[in-house]
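Heads up, there are several structures right after this.
Paired with chain B in one complex and with chain C in the other, chain A is shared by the two complexes that follow.
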Partner chain A sequence: MELFLQQLFNGIMFGSTYAIVALGLTLVMGILHIPNFAHGHLYMLGGYITYFFITNLGFGYWYSLLLSMVILGFVGVVMERIVFRPLTGQPPINAFIAAIGALIFLESLALVIWGPQGMRIPNPHPQIIKMFGITMEAQRLLVVGGAAVLIVLLHLFLKKTTTGTTIEAVAQNREGAMLTGINVNRVSSMTFFISSATAAVAASFLSPIFILSPAMGAVLGMKAFIIVILGGMGSVPGAILGGYFLGLIEALGGGYISAEYKDVFAFGALILVLSIKPTGLFGKQEG
Partner chain B sequence: MKKLKHLSFILIAGLLALGLFSPNVYAKGHTVMIGFTGPLSGPAAQYGRDNVNGLEMGIQDINAAGGITVGGKNYKFALKTYDDHIDPTAAVNNARRLRSRDGARFIFNPVFNTIAPMMQINQQKGSEFLMMAYTSAPEVDAMKNPNTIAIPPPFSVYVGSYVKYALEKGWKKCAMVVTLGAYGDGWRKEFESAWIKAGGEIVADQPANYYTETDFSAQLSAALAKKPDFMLIGGPSATTGLVIEQARNLGFKGEFFMVDQAKLNYIAEVNFNNDLTKMNGVTGTARPRDLAEEEVIEPFLKRCLKDYGRSATSENLLNYGAIRILAAAMEKAGTVEDITAIKAAIPEVLPMDAKINLLPFIDLWGSRFILPGTIQKIENGQYTVPTTTFWWTKSDADFKKAVSSIPDIGNTNVNVPLEGYAK
Partner chain C sequence: MLKLEQVYTDIGELHIIHNVSLNIQKGEFVTLLGSNGAGKTTLFRTIAGVLKPAFGTVEFNGIAIDKLPVHKIVDLGIVLCPQGRQLFPELSVKKNLVMGAFSLRGQKSKIKKNLDRVYEHFPILKERSNQLAGTFSGGEQQMLAIGRALMSEPSMLLLDEPSMGLAPLIVKQIADVISNINHEMDTTIFLSEQNANMALNITERGYVLESGKCVLEGLCKDLKNDENVKRAYIGA
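Moving on to the complex of A and B:
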């Protein structure tokens, strides 16, 4: 029983980060129809920016996290402006290739600036909490709680504010939104800002527990893609549930059966869901 | 279509021009080209870099000492490196390119997964090369490839030392959370059979991908539920550090043995900000400082820090030593091309002056350097006196002779003859 609870907690912790990273990705994919393969690498860059503020400038953890959010948000805006916007109206393959280019650029950039050596952000909350017979690191609890707060805030923003609803409007009908006077370009920039900022939060939450390296974004980026497809392209609840779902599958499957099959479970679930419901769990039929 | 043809023509012309004007290939004077293919990007990039850095320093020193003289001609060394992302196909292609285009007859590679396929092509007539294999996988020795030299001691040495230590402690239950891949699988299998043979028990075997994952709580929770006395862990250093930290946080009180890929001093530095109390009860291969006499090793450690901004690793040391030995063997054999003659000359130049090649390389055993394997434990926040294992000496007399042939640096010496290796 204790082992099960421990694995459950591990799964939820991982699911939380998957959920926020996938959330950022699904916004960009669903609204702008840009397959941003570089999303995982933005996440990596977010971790390094937080590292820079904490280690090189000596800022506090939360202050660095906020700065990292804002800075990475603007990196996202710049990326949208110079990489993806010029390709509007071009065949989708162009955006594909541009995204891969951006990915390689970001990884090489991190390699040049910070080098291949792993780096560590000092853990701001190293306390250990024991509850119900399971052991939790305070920072991991923070990840779970922080992710939940972020998801609620984002939901409120998208549903309850005028600015937020413009994002949904563009997602539903680009031309229609333009006709009602919504500045589509501004919405694009804003979406990229939010998407990158959430990636920065996820990276800042996780990097004190783990190690920063230029290659860390690749795996997470790929998993975020699985989740987005699993949950349904562009679906916010799909990304959240898909994230927790994948986290739990990995923890329980990996812990009980064998870690060697961890990816088998994750991709197996993807294939299974897609063969039953090709649009993903929460995907809407196109057209 | 016409446009496409045009484009491809330009592309081909461009590639040709690149090939013609690329540096290194047409360096002036006589050059011995050393090749390297290995991970220089991606998750294992640092590991690849550490190997290259050792080679670079060795080559700098060879050239600073005036190069080598063979057949009345003076040769300088040069290094050409290619990235293979641990992809066997890329490694083989790189090796072919290094041999045919760059003229490298000595090719270094630091990963067993890529070394094995390279050993399939290093005997092809007219394009032979000496495979300089930086791997402790004992499979390399079983392949009996004459054009190969494996640099570090086989990991069986550490398996033997760990089993001996665990028996002395009276431990019974072992849990393994070791990296996936040919190297990690080899370690797990060998340790498992040795430990069971010694009367121990493997209560959990939860391998994990140390290259792509950073959270091991799923594997560790499952392993710790079986209440092991000690754990065998390891893969790349930084992730191994995470495993130690996560296992401790999950309440594990026992000791750790690390596979030889993970480095104590690297983990202390990167993961724990040099707070050794966080690594109490961890045993692994000894830190570089304790592998040679102080006056020999200190300048080298300082140099690594100055030139590369990081502490020395055994990859630096061993590759450095290997390239210095190669240079000496070329002079001895009187050729820079005949790899068979050069390999045959290696036992004649060993052991070398410790000032030149730092570590006590003693001889060549088949296709592997004979070099003692040294393990070390961290206890009470300090590095303890390391244990140096002599694995090729059968009799006590041999052992005593071998011990006296290397500089005494205060380590504990033990004789653990390795099946199939002892002479």
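Moving on to the complex of A and C:
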């Protein structure tokens, strides 16, 4: 029972991070209609920016997290402007290739600046909390709570504000949105800002727990991509639930069977879901 | 109010619109007749700024708009209610309408007033304001599209074939509302139609487009008696 609860908690913690990263990816996918393969690398860069402020400049954890959010948000805006916007109206394969170019650039940039060795942010909340017979670091609890707050805030923004609704409108009908007077380019920039800023939050949450490395973006980007397909392309609830789902599968499969096979469970779940429901858990029928 | 001079529009390699010039005064109700493929939609998309003319100018109240982005043109007061409706299928009826008032964002009382007025024109939209737009029938979607276009209080409304694919009874209902909008709200309307019977009965003046060229223009009462128009569009 204790093992189960411990793994359940770990699963929810991983799932929280997956959910916010996948949420950012799915929002951008709605606008671009292609997956931004560099999304995981933005996440990686967000971790390093937080690291830079804490380690090199000696700023506090929360202040660094906030700065990292804003800076990575603008990195996303610039990326949309120079990598994706010039390719609007061209075959999707061009944007695919551009995204791969962008991810190679970001990974090399991190390698040049910070080197290939792993780095760690000192844990700002190392206290140990005992609850329901399991032990956890306060930082891990923060990941779970913080992610939930972020998801609720994003949901309210999308559903209850006019500005948030423009993101949905552009995703559902780009030309229709233009004709109602929405500046579609500005909505694209805003979506990239939100998507990158949330990735920075996820990275800042996890980097006191795990080691930062330039290669970690590729792994997380791939997982976010699995989640988005699993949950249904462009679906916001799909990305959130898919994130928690994947986190739980990995933690429980890893805890009970073998941690070595963690990724096998993730991809296995993807294959299983797609063979039963090809549009994903929350996907709409094509057409 | 709206003035096109020698407009040419290409889509890819195809030359769709050739040398179209026209002039619409404030408050007028004008139709654009043409068969399938004549270039009506392309011409409307050019005016709305979705397509840019290869040559020629489009002026609105003396301002050149042919190089402006679509949202700036909407801000100036021209709104296109497009063919195929281009609604937001996963948003509720009410959210679709509120998006239509995007250029008035922040002006809550004005948006509320326009929403009430649209509900007055189309009571069914009020009854179903929380339903998703994608679940609507064709006629209801057309009403929603017109309603959404009206939400920003345009001074000029471009309606691209609102009767397409609809039952005659619905066409009649929509035609009545369009006439009302023109008369009561003093909105200038430019209406493209294949359904010449309906269009010539409610509008005052018309242009006839054939293969991207403007081949005829005149008052509706004259167009109705024109042998070519009769043969090609009325079928008498």
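Going forward, the second predicted complex is superposed on the first by the 287 of 287 C-alpha atoms of A that agree within 3 Å, B and C clash if a C-alpha of one lies under 4 Å from a C-alpha of the other, contacts with A are read in each partner's own complex, and residues count from 1 in each chain.
Just so it is clear, contacts are C-beta pairs under 8 Å (C-beta built on N, C-alpha and C of every residue); 3 or more make two chains touch, one makes a residue touch a chain.
For clarity, every value in this text was computed on a predicted model and none was experimentally measured.
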Q.
Counting residues of chain A touched by each partner, does chain B or chain C come out ahead?
A. B
**Q.** Which superposed partner A:179 touches (first chain B, second chain C, both, neither)
**A.** second
Q. Which partner does A:243 contact after superposing on A: first (chain B), second (chain C), both, neither?
A. neither
Q: Determine, under the contact definition given at the top, whether A:165 touches first (chain B), second (chain C), both, or neither.
A: second
Q) Can A:120 be said to touch chain B (first), chain C (second), both, or neither? A) first
Q: With the two complexes superposed on chain A, say which partner A:219 touches: chain B (first), chain C (second), both, or neither.
A: first
Q.
Let me check the overlay on chain A: which residues of chain A are in contact with chain B and also with chain C?
A. none
Q: Spell out the residues on chain A that touch chain C in their complex, using ranges where they run on.
A: 162, 165-166, 168-169, 172-173, 175-184
Q.
Looking at the complex, which residues from chain A come into contact with chain B?
A. 2-3, 6-7, 10-11, 13-14, 107-108, 111, 115-120, 122, 128, 135, 137, 206, 209-211, 213-216, 218-219, 250-252, 254-256, 258-260, 262
Q) What part of chain B is in contact with chain A in the complex they form? A) 41-43, 45-46, 48-49, 180, 206-209, 212-215, 217-219, 221-222, 225, 237-239, 241-242, 249-251, 270-271, 273, 309-310
Q. In their complex, what parts of chain C are in touch with chain A?
A. 48, 50, 69-71, 74-75, 79-80, 82, 85-91, 95, 98-100, 102-103, 105, 148-149, 151-152
